[in-house]
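The structures come next, written out as structure tokens.
Next come two complexes built around chain A: one with chain B, the other with chain C.
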Partner chain A sequence: MVEKIKNYFITNYLGISTGFSLFLFIFIIPQLFEDSDLIISLIRGIIFSIVVGYLVYKFLLFRRNNPNFVPSESKLVVDAGGSLVAIIVGLLFGLLLMLLVNPGQAFYGFSIILRGGLNRNFKSLGDMIFFSVPIILTGLSVAFAFRTGLFNIGATGQLTMGAFVAVFIGVEWGALGEIHPLLHWGTALLFAMIAGGLFGAIPGLLKAYRNVNEVVASIMLNYVAMYLNTMLIVAYIYNRDYARALDIEETAITPIMNLDLIFPGSAINGGIVVAVIVVIILHIILNKTTFGYELKAVGFNRNASKYAGMNSKRNIVYAMMISGAVAGLAGGLMFLVAGKHLKPENILIPEGFTGIAISLLGLSSPIGVLLAGLFYGSLQQGGYYLQLLNFTPEIIDIIIAVIIYASALGLVLQKFVKMILKRKFLEKEDGEPQDLAVEGSDE
Partner chain B sequence: MEYIIEMLNITKEFPGIKANDNVTLQLKKGEIHALLGENGAGKSTLMSVLFGLYRQEEGIIKVRGEEVVIDSPNDANDYGIGMVHQHFKLVHNFSVVENIVLGFEDTQYGFMKYEEATEKIAALSEKYKLKVNPKELISNISVGMQQRVEILKMLYRDAEILIFDEPTAVLTPQEITELMSIMKDLASEGKSIILITHKLKEIKEVADRCSVLRKGKYIGTVDVKTTSVEKMAEMMVGREVSFVVNKVDSKPTNTVLEVNDLSVYNHRLAKDVVTDVSFEVKAGEILCIAGIEGNGQTQLIEAITGLRNPSKGKIVLNSEDITHCTVRNRNLAGVSHIPEDRHKHGLVLDYSLEQNLIIQTYFDKKFQSRGFIKFDAMRDNAVTLIEKFDIRSGKGATTSARSMSGGNQQKVIVAREIDRDTDLLIAVQPTRGLDVGAIEYIHKQLIAQRDAGKAVLLVSLELEEVMNVSDRIIVMYEGEVVGEFDPKVVTENELGLYMAGSKRSDQ
Partner chain C sequence: MDIDTLYFIIPLVIASTVPLALVALGALFSERSGVINIALEGIMLMGAFVGAIVIYYLEPTGLSDVMIAFFGLLVGAIIGMLFSVLHAFAAVNMRANQIISATALNMFAPAFAIFIARTFFGTQRVPISRTYRISSVPILGDIPFIGDLFFQGAYLSSLLGIIIFVVAVLILYKTKQGLRLRSCGENPQAADTLGINIYKIRYAGVMTSGALAGMGGVIFVLSFSTSFNATVSGFGFLALAVLIFGNWKPGRIIMAALFFGFMRVISSTTAVIPFLNDLGLDDEIYLMLPYLATLIVLAFVSKNSAAPRAAGEPYDPGKR
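And now, the complex of A and B:
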């Protein structure tokens, strides 16, 4: 009987993963959510366990189907490992800092950071998602250009242009809202994208036809956008009493899309839906279409793409346009929110630069950027709650800065990951060869 | 004390590969010792260990019977070891003397003592018959002369052991002959020479003994006089190799490619790098453009394939003017191109094998519908070509091109270009850097294409390849066509004179 159960678990991965989920659910999860109310932690516990269980199941299935899989040879595993190590380095540095500043509360504070968006209840989770939307989109913008071999450091400028156009339409074109509220919002977003896209096309055109370095061009255009924004706000949509742009019409505000039912009380709106749609579209463009095939070929090796007869100039312009459009969309979604106003300040909007870090951390792949953006939002949310203790939320910025430095050292870290994986795997090969035999013979 | 240098049981490992696995090399005083092996056999690694660029994991190095540790090229210099690198390490805007004394300068009160250096150099060049003009700038002298400067550099530092890394790769046949006699003189003066090469003919001509490496392993050392070329080739490759390319006479029919008075202007050099070149390639023949590297062949091919704009002239393919067509349109009109630099142009190294195989045809109905790539068709295409052209790779169609060996990367390109089944196949140095086996294979493919009625335009720097494969030869020198020959009539020596620019036929 015992033998039978043992066999069952060895040969049935579903069994193992279910067991693991149950174990998580009963012993681990309650400790993580002790300070929230019972029903909600129950629901979250179930969801979390199922997700983890499913991942374990997938992993085991993969191991069975690919017995010869060598982790140190897989680019994805090694790259993702590099990002993971970067995150761990950043977090540990944060812990060290907290120990220096306030040793008594350091570990409790650290646990708050780790829990991030899961700190309280679904309100904190909703807030986390809300704050990560612009970051995800600017991350996507930078990542998409990067896949074509271009470094779009001008996401900030494209975002600013998108934001201005969206707010302008939100303020002035109220007539559209009388036809249908979504029409007003949709038009504002569409024009935000167009504005961002056109602004992104400028460095693209310069790069393609005049071989001007896109980094320099787009950095300088950030300032153009910043001052242009100040000028245009004061000229057209200025609210003198508050020294900011006028309030946008009700109909231009991003709809909630019933997300408040899941995340009651949070600031969440439909922006995340738009962001996820963009993730999916960009993922499909990059990986499934001939257009993406061309773009990536240009990015990997411009000479070879020329040799193959691809129009690399046109592709560079398109890539920068799409990249700019996504950044413009981020600007639109950031400011089409009740209570948020564009101000005629001479400050570069930081989300554009954060996007570079997120793109780096997300390995320039749309799905990776989505995850990295959510992670960033979670950290920020953790920083917000960190203020309950005797810490400043700037700790989070430091942690993120260290993570970025660490990911910039990506190559070194990837080598490190590769080395560890190799050692682990080879030891296993030598040490317990019968393990593989079992996996192979279980069908 | 019989051996001047002994490298005993050297093992040098790089991540994932043993570049040298228990290799032994023993150099006698006054001998020319050849180090033979295919690309990637570990010759350069072994010499880098000796020269102090790498540190071996196992094994010892003895110089004149004493065990030594060589940590840097400076240590190597102190032991009297000098090296002529394949790519010369010369400062181009310095004169010959300045280059020779560089890093070894004699000074008095902070001023250079050029007179003494010049005298010493003059004496050395007298003694070893190394003709150089000490006052001339490096950028003004020929490649062969530059090599002599490198040799003088070693002698100036009183090197006793001279390492030559592929010294003949950049030389004309006449310069090669000269180098051979210089090497023999040096050996008779008591210098010991290690000659790294994969050219068997040269070994047979100058070397006394020959050590063979294969895939990082030491195969053996043989006496050159008593060993046949075939035997050495077999040791190098690990199987029997045929040197003769079997082919029937060509039967050229209609003209496929016609190039008329083509010129290419280089803005940086502010001169024409290709000047009024005219030729034609017929279906069913292999036309070879011979010449020493850098005489305009690259630019000519780039102009024909559309990667560069010609300043003058006309390119006609199948009686259709393609002078101003885009690369894509030329490809569609019937140009296949095996590029000179497979990493720069031929492949997207980060793409997988199957993705690389459709790089010019991904937009074809066969591989896409409504802008979406048909992944099944792409995979089928790759599987077929892998089978047909015997491409070896770790993970089949999904192997990343970067992880493949040079020979197989080249096979990918050859497979792709031949499979496109166009009228004109342009192959630029298709066997560069490949081992004997792969060379044999690619030559067979080129001839098969010719026999199938394709026009083949081959650009090659290897005289042996030029003579063996082509049906007609034109020689380029400084951007101009200086002669046209029949490989059955002309001798290598004659071709060499044209390639070096010392002879030209009036056209």
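And now, the complex of A and C:
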């Protein structure tokens, strides 16, 4: 009887109590720093405690229902653990660098990075979400191609083409806006997707029909897009006085969708809604449709999928096209913003490359990419606030680069995670889990 | 095109050809040993950054130009080599995805350069005050016409670069070590059975490519600007295009580098060349052409490609 009550308590209330203590921890700690306001730390505490409490609860429930589950044998657990270790390695490297450069402010600066977008108030949270939108989308673009076994390093070029087309329509097709603003904005985004998709299809076609390595082709196309962009801006939508593209019409600016009510004063707009919709669509395509199944099959083994009667060539082209369209959408959303201008300066837009990092951290799954993108946005926001101290925001890029490098060494990380999990599991072998197992079989 | 324009253009073409050819040769070393190295951009940048700092500190010491340029190149090469070890470790020991680890290096380099420069110099620019040209190469500069064209007003770094290019090609094609390296990129399993240490050779290949790229970065800075500003303008990726366009062969790499370098020079000098000015094309067309040409080569000539067969694949002893 006592045993039963104990188990019931463990599964149902341990999560909640963990969440609650974490809430206290997170609620009280920020008060030690003066730059947090009360409401945001309260909200942060509640969100964190609900999420953590729910996860702990789910975990315990899962352990009870699957007594024979060995975490070190689960691919998802090991992979996610690998991502986590990579993030920790990257952050520690950042801390080390900060300690070397400016030891006095290093720990305070590091705490700013960690708090990131949750640093101050809803403005910073809104800004964080705003800046993570293009990153989430390029991450999705890279991830989608990756699931088909393709490495789309050309997201930058596709994004650039999408951005140009969106801005062009935003500047020139004001007549659409007079009918309805949504028509103008929507058309611009749609054509941005088409432009990105067509540009992405080129390496796909080359890969499928000429067996050209898509990485090399994409790199070349990135530069073609960069120069093409400069050329087209100067030819069609150039504002000579400011050396940038002309201002887009008001009707082409991404609508705010009332999000400013939740995040007053921030740069947030409806882009995040579009990004979440794309996450859901890609999740459904990959996991619930025959088409997605075929794409993944081609990714696992091109020859086997061919043998099974799938058209691997066509699938490669489609995958690159969808990947390019998502990157083009990112470009559209990036530049259909008031006060942001495309410039003819022959520089590769870095968001495309960041997408590779996000895709890796998110384990190439749409939902993982969404989380990783928000994480990156938070880091970036932390880097922005870091300028208040004597640090350069580039520390964030350094951290991200180290995280990618560490996750490239996936094999070691995963071994490490497996080792830790195994040790933990074996320790508990003769204790808690078996009690839970008995309880589970009773019901 | 009259003779004055030629005098004006040729030194510029040489200045951009040399770093391209050198870095492309670096890529060749790496790929011939079986490791794809698209981190060249980042490695070049690292070499250029540290090389520029060394030159910045050596300039007031009163060393001669030759010595300063030499030390700059040397440091660039060492830094490039050390930085490329990271890629070699990931690609060879860890069997990591070589594109991903290279992308990490490419992201790391500019961020690191800006971070360090801003922290210690207050600005992200590392200034270089002298131009490191020599008025005339002894003997060769006195040859009529050709001497004027090629050996007067040339950059010191270009000349050093040409010498290093020749030496590197000789090592790759005329020595035992070079032969071993090339075998690792074609059939590492066979090479292994003959007692060649694949891991060691691949490390050597990647590190040589790192050294050449780092040196190329310093040459880039010395020939194109009076300061280093955390960029090498995509020369690392362009060198990759040179390698492909040159079909993985040193002789052709030089031709490709000349063509690509020529296009870059033309793009910035259309205004002063009457013929091109009349043509009225955008400068970007000339800049774009090398990449488009490479794509076309990839698409239509890939059957005759001399690309190393095992490039990009981690070595698996189990496949012997």
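The definition used in the following text is that the second predicted complex is superposed on the first by the 387 of 443 C-alpha atoms of A that agree within 3 Å, B and C clash if a C-alpha of one lies under 4 Å from a C-alpha of the other, contacts with A are read in each partner's own complex, and residues count from 1 in each chain.
Here is the rule we use: contacts are C-beta pairs under 8 Å (C-beta built on N, C-alpha and C of every residue); 3 or more make two chains touch, one makes a residue touch a chain.
All values reported here derive from a predicted model rather than from experimental measurement.
J.: State whether chain B and chain C clash or fit side by side on chain A once the two structures are superposed.
T.: By the criteria stated at the top, chain C and chain B fit after superposition, with no clash.
J.: Contacts for A:Gly382 in the overlay, against chain B (first) and chain C (second): which applies, first, second, both or neither?
T.: Neither chain B nor chain C is touched by A:Gly382.
J.: Of the partners chain B and chain C, which touch A:Asp397 in the superposed model: first, second, both, neither?
T.: Second partner only, chain C.
J.: With chain A's C-alpha centre as vertex, what's the angle to chain B and chain C, nearest 10 degrees?
T.: 70
J.: Does chain A have more residues touched by chain B or by chain C?
T.: Looking at chain B versus chain C, the one contacting more residues of chain A is C.
J.: For A:Tyr405 in the superposed arrangement: first (chain B), second (chain C), both or neither?
T.: second
J.: Quick one: is A:Phe291 in contact with chain B, with chain C, with both, or with neither? Answer first, second, both or neither.
T.: After superposition on chain A, A:Phe291 lies in contact with chain B alone.
J.: Is A:Gly355 in contact with chain B, with chain C, with both, or with neither (first, second, both, neither)?
T.: In the superposed model, A:Gly355 contacts neither chain B nor chain C.
J.: Looking at A:Gly196, would you say it contacts chain B, chain C, both, or neither? Reply first, second, both or neither.
T.: A:Gly196: touches no partner chain.
J.: Between chain B and chain C, once the two complexes are placed on the common chain, what is the minimum CA to CA distance in Å?
T.: 6
J.: Indicate the residue numbers of chain A shared between its chain B interface and its chain C interface, in ascending order.
T.: Common to the two interfaces on chain A: nothing.
J.: Per the contact definition, I'd like the list of chain A residues that touch chain B in the complex.
T.: So the residues of chain A in touch with chain B come to 75, 288-291, 293-294, 296-297, 300-301, 303-311.
J.: Spell out the part of chain A that touches chain C in their complex, as residue ranges.
T.: 97, 101-102, 151, 153, 206, 210-213, 215-217, 219-224, 227-228, 230-231, 234-235, 346, 348, 353-354, 356-357, 360, 390, 392, 394-398, 400-402, 404-405, 407-412
J.: Taking the touch rule as given, give the residues of chain B at its contact with chain A in the complex, in rising order.
T.: Result: residues 305-307, 326-331, 337, 339, 344-351, 355, 359-360, 362-363, 367-368, 371-373, 400 of chain B touch chain A.
J.: Okay, in this complex, where on chain C does chain A touch?
T.: 38, 86, 90, 94-97, 99-101, 103-108, 110-112, 114-115, 118-119, 234, 237-238, 240-241, 244, 282, 284-285, 287-288, 291-292, 294-295, 298-300, 302
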